[in-house]
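Below are two complexes that have chain A in common, paired first with chain B and then with chain C.
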Partner chain A sequence: MNGLAELAHTLAPGLLYPTGGAILFAMGLYGLIRRHHLVLRILALNIMGSGVFMVLLGVAARGEGPPDPVAQALTLTGIVVAVSATAFALALVVHLTRLTGHAVMLPGPPDDDAPVEDISREEHHADGGPAAPHPDQDRNP
Partner chain B sequence: MSLLLVIFDLVLLAGIIGVAWRCLASTDLFRAVVLFITFGLLLALAWVRLEAPDIALAEAAIGAGITGALLLVTLERLRSIMAERHSGRPHTPPPDPSGPHALLRALHDPPPERHSFFPALIFALVVGSLLVTALWHQPQSTGLEPVVDAHMDVSGVDHPITAVLLNFRAYDTFLELAIVLIALLGAWSLGRHDLIPARPAPGPILPGTLRLLVPVAIVTGVYVLWAGSHAPGGAFQAGAILGAAGILLVLARPRQLPMAPGIPLRLGITAGVALFLLVGLYGLGAGHGFLGYADAWAYPLIILIEVAATLSIALTLVALFVAGRPAGDDA
Partner chain C sequence: MIEAPETWLPTAIAGLVGLSLAVAVVATAWPRQAHRIGLFGALAVFAWVLGLSALFVAAGPEAEAAATRVALGGWEAPLGLMLHLDGLSMTLLVLTAIVALATSLYSLGYIHDRIERRQFWPLWLWLWAGLNMLFLSGDAFNLYITLEVVSLSAVALVAFTGTAAAVSGAVRYLLINILGSLSFLMGVVLLFGEHGVLDLVLLEARSEAGPTERMAAVLMTAGLMLKAALFPLHVWLAPAHGSAPAPVSAVLSGLVVTGSFYLLLRLWMGVFAPLATPAFGILIGLLGVAALIWGSAQALRAGRLKSIVAYSTVAQFGYLLVAFPLMLVDPDAWRVVVFFAVVHALAKASVFLAAGTLQHAAGHDRLAELGGVLRARPRTVFALGLAGVSLMGLPFTGGFIAKYLLLEAGLGTILAGSVIGVLWVVAIAGGGLLAAAYVLRMVAPAFHRGPERAGEAVSPWMDWVPLGLATVAALAGFAGTLTLHTLTLTPGAP
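Up next is the complex of A and B:
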C-alpha cells in the first residue's frame, strides 16, 4: 500500500498533465510536418496550442492550495486568441481555394516559375459575382 | 481515493491523446473535424480536473463549440467552391458526398508520403522529450497565487481570475480584444459577405429547437457574464455563449438572413476595444497609470468593460463565422 501511495504521489496532476501537454505538442508538431491539407495543418496547430494550455494549467495546479490564477487567466486569453487566429486562417484557406482550386500545401520548394493566375480579376467574384472562372482555366493556363 | 483519481487522470489523458492522434491521422477531413470537437470536450473535462472551471467553460464554448462550427462551415465552403469550379456554374447546390472523386479532393487528404516519416518522428520525439525533461525538473514554486490573493481587496471583484484579467493584467486582455478585432478585419479584407452554403433546414425540428435554445442561451450568457465578478464565468465565456446562439440563428435561416446594418454592427464590434482604451486613457489622465482604476471605481468600470467586451466578442464570433464584410457598404 505504501508503494501505491508513492506512485500516486509521483503521478500527481502537476506532473501528469504537463507531460500529457508535452506529448500533445509533439504530436501536433508531427502532424503539422506530415499532413498537407491546410485544414489539417490548422487542426495540428490547434492541438499544439492545447498542449501548451495543458502544460500551463498543469503547472498552475502544482503544490498545495488553490491553483495559480495568473496562469489560468493567461490560458483563457490564449484560447480566445487561438479561436481568432483559427478563424482568420480558415478564411485564408477558403480564399486560397477560391483562387487556386485546392487547399493543399505540397512538399518541396515553391515553384517560382509556375504561372500565376490573375488574382485581381477573380477577387470581384468572391462575393458570388456573375462568373466563376472556367474549370479548365486553372489547370491548363 | 487518490489512486482512483490517478486512474481517472491516466484514462482521461490516454483518451485525449488517442483522439488527437486519430484526428491528425485521419484522411477524411470531416472525420478529423468531428474528432477535434471531441478532443475539445475531453480537454474541458481535463480543465475541470485541474481546478480551472473558467477555462473549462471557455474551452467547451469556444474551443469545441465555436471552433468546431468554424471548421465545419469551412469544409462546406471548400466543398461548394470545388463543386462550382467543377461545374463551371456558380451557386450549384452542394454535391452528393458520394459523388465523383474530383469534388471530394477538397475534403480529403491522402496519407502522407513515406519519406517524411522518420525526420518528422525524430523531430517530434526530440522536441517532446526535451519538453518533458524540462517540465519534470522544474523547481517547485507557489506561483503568483499568494500575490493575487493579497491584493484581492483592491481589485473590485471577488473572483481571482476576473481580477487578473480585468485589473492586474488588464493590458493583456486589452491586447487580446484588439487581436480578436484584427482577426475579423483580416477576414473582412478578403472579400465581401459570402453566402453560407448551408442546405435548407430539413423539417421543423431545427427552427423549433432554436426557438427554445436561443432564449436559454441568452439568459445563460447574461448570467455567466454577471457571475464573473464572484464565481467562474466572465466576458469571454458569455461572449462565446451568445456568439454560439447567433451562429445557430445564422445557420437556421440561411435564406432570409437579414442584412446586418453596417454602422451599428461596426460600433458593436469595436465597443470592447474602444471602451477599454477610453477607460485606460482616463486612468492615465487621472494618475492611476494606463488601465489603472481608482479603487472605488474598479467594480463599475470592470462591469462596464465586461459588458462591452461580451457584446464585441459575440458579434465578432458571428461575423467570423459568416466571413467577409457585410455586403452593400462598399467604399
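Up next is the complex of A and C:
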C-alpha cells in the first residue's frame, strides 16, 4: 500500500488526471448502459462529464509554469453546459415519473409493430357490402 | 460608391449569427407575441441567408483561395473564436433557411393554442439559431457548444406535446445526445492537449496520423454517428422522430441529423484526413449497406405513417455512409454526398409535413385506417408522392440527379479496379427500389376504392406548405449545377 501511495505521489498531475479522467469516463459509460433508473443514468452521464473535465485539467496542468488558462476556461464553460443539461434532464424525468409512476423509459412508441397486412383486404371488401369502414372508430383516445 | 462583395461578407456573416440569436432572444422575452416575432424573424433570416449566398457566389474565385473567416471581437485564431464560411457551410445554411421557413409557415397553421404557441416558437427559433451557428463555427469547442444548443432545444421540442410517449422519447433522445456530446468533447480535449489549439484550420495544419488523433477520431466519430443516427447507432431515432409534433419531426429528420453529418464530413475532410485508409472506408461502406437494408425493412413493416418516414431516414442515411469509400477513391465524390444530403433533407421534411397534415385530419396515423382521409386529400397525397418520388430518385427530380451522380462515382471506383465497388453500385441502385416500395406503401391506400372521409378541418398553411416544399425538393435537380459549383468554393477540399 505504501508503494502505491508513493507511486501516486511521483505521478505528475499531467499523467494522473488524464488517467483518472479516462477511468471515470469508462465507469460512467458502464453505469449508463447497465442502469435503468433514469436518475442513475443521469448521474452516470455526470460522472462521464467529470472524467472529461479531469482530462482537460490534466491538459491544463501539463508543461512547465502556471496552468493553461484557456483549458480552465473551457472546463468552466463545460461545467455550465453540464449543469444546465442535468437540470433539464431531471425536469423531464420528474415529468415522466408523474405521468407513468416510474422513472424508467417506455419501450418505444406504441402501435409500431401493428399488423399491416389488412390494408388492401379491408378496402377491397368495403366497396360493395354494408361493412363500410367504421368512420369514427379510429377517433378513440 | 459600391464596394466589392468581399468587403461586405464578414459583416454579413457576423450579422447572420447576431440576427438569428436576436430573433430567438426577443421571442423568448415576449412569448405573448412569439408567433408574430417568429414569422417576421423567419422571413428576415431567410432573406438574410439569400443575400449572404448572393454575396458569397458573387465574391467568386476569391473565396476559393481562402474561405471567409471572421474573428469575433477582433481576437485572432489561437485565442479568439473564428466564424468560418465556405461553400459547404453556405450550401447547408441555404438548405436550413428553406426548410426552416417552410416549417415556420406550417407551424402557423399547426399550432393554434395560445399557450402552446408561447412554448413552441422560442424553442424553435433557438434551434434554428443553433443550426446557423453550427454551420458557421470554425472552432472545435464552439462546435460542441452549438451542438448542445441544437440538441437541448430539439429535445424540448420532442417533449412538446407532454404525453408519456413524447416525454419518454425525449428522455431517450436527451441521454443519447448528452452521451454523443460528451464523446465529442473528449475528442476535442484530446486534440487540444496534443496541439494546443482549437481552431479547425490550425488543427488541420498540425494534424498527423498519430495515436492521439486516432483516439480523438474514434471518440468524435462515434459521438457524431450517435447524434446523426448512423447505423448501428440509430435505434433511438424512430421513437423520438415518430412521437414529435409534425413540424418538429420535419426539422429533426431534415436538419438536425444533417447538422451532425455535416460536422462528421467536415472533420474527416480536414483534421482527420490523414487517418482515412481504404479498409476503414470499406468498413463504413458496409455499415451503410446494412443501414439501407435494415432501415428499409423496418419501414416496410412499420404500421404507422410517421414510423415509416422515420425509418426511411435511417435507410437514406445509409447512402451517405456508402458514399464514404467512394470519396476515398474519387475525392470529388464528397460534393455529390452533400448534394444528396440536401435533396434528402428537403424531401424528408416535406414528407413529414404532409404526414402531419394527414395525421391531424385523421386524428391518428395508423396506415391501415388512413384510406378515407388519403382519398379526401389529394393535394397532401400529391405532396407525399412528389417528395417520395424524389426520395426514390426517379428522373427529373433532385433525388435522381443525386443518385445518378452517386452511381457515376460508384462505377468510377469499379473502373479504377476496386472489386468491392460492385457492392456499392448494387446497394445504391437497390436502395432506390426499396425506397420505392415503402413510398408506395404510404400512398397506396389512396388508390383503393372506398368512401372519402375529410376528417378534421386543416388550415390552408398545412395544406399548401408540404406541397410547396415537395415541389422545391423535386425541382432541386435544376439547382444541381449551382450547388455543386458553390461546393467547389471550399478550400482544402479536393
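One rule holds in what follows: the second predicted complex is superposed on the first by the 94 of 141 C-alpha atoms of A that agree within 3 Å, B and C clash if a C-alpha of one lies under 4 Å from a C-alpha of the other, contacts with A are read in each partner's own complex, and residues count from 1 in each chain.
Everything that follows uses one rule, which is that contacts are C-beta pairs under 8 Å (C-beta built on N, C-alpha and C of every residue); 3 or more make two chains touch, one makes a residue touch a chain.
Just so you know, these numbers come straight off a predicted model, no measurement behind them.
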item	value
Partner chain(s) touched by A:31 [first = chain B, second = chain C, both, neither]	first
Chain B versus chain C as contact partner of A:62, first or second or both or neither	both
Partner chain in contact with A:45 - chain B first, chain C second, else both or neither	second
A:105 touches, of chain B and chain C: first, second, both or neither?	second
Touch count on chain A, higher of chain B and chain C	B
Overlapping contact positions on chain A, where the chain C interface meets the chain B interface	18, 25, 29, 42, 55, 58-59, 62, 70-71, 74, 77, 81, 84-85, 88, 92-93, 95, 123, 126-127, 132-133, 135, 138
In the complex, chain A residues that touch chain C	18, 25, 29, 32, 38, 41-42, 45, 48-49, 51-52, 55-56, 58-59, 62, 70-71, 74, 77-78, 81, 84-85, 88-89, 92-93, 95-96, 99-100, 105-106, 108-116, 118-120, 122-124, 126-127, 132-133, 135, 137-139
Touching residues (chain side chain B, partner chain A) in the complex	2-3, 5-6, 9-10, 13, 16-17, 20-21, 23-26, 29, 32-33, 36, 39-40, 43, 46-47, 49-52, 54-55, 58-59, 62-63, 66-67, 70-71, 74-75, 77-78, 81-82, 84-91, 105-106, 108-109, 112-113, 116-117, 119-121, 123-125, 127-128, 131-132, 135-136, 138, 140-145, 148, 160-161, 163-165, 168-169, 172-173, 176, 179-180, 182-184, 186-187, 190-195, 234, 236, 313, 316-317, 320-321, 323-324, 327
Chain A residues within the chain B interface of the complex	4-5, 7-8, 11, 13, 15-20, 22-31, 33-37, 39-40, 42-44, 46-47, 50, 53-55, 57-63, 65-77, 79-88, 90-95, 97-98, 101-104, 107, 123, 125-135, 138
Partner chain A, residues of chain C touching it in the complex	79, 141, 144-145, 148, 152, 155-156, 159, 162-165, 167-172, 174-175, 178-179, 182, 185-186, 189-190, 192-193, 238-239, 242-243, 301-304, 307, 362-364, 366-369, 371-372, 444-445, 448-451, 453
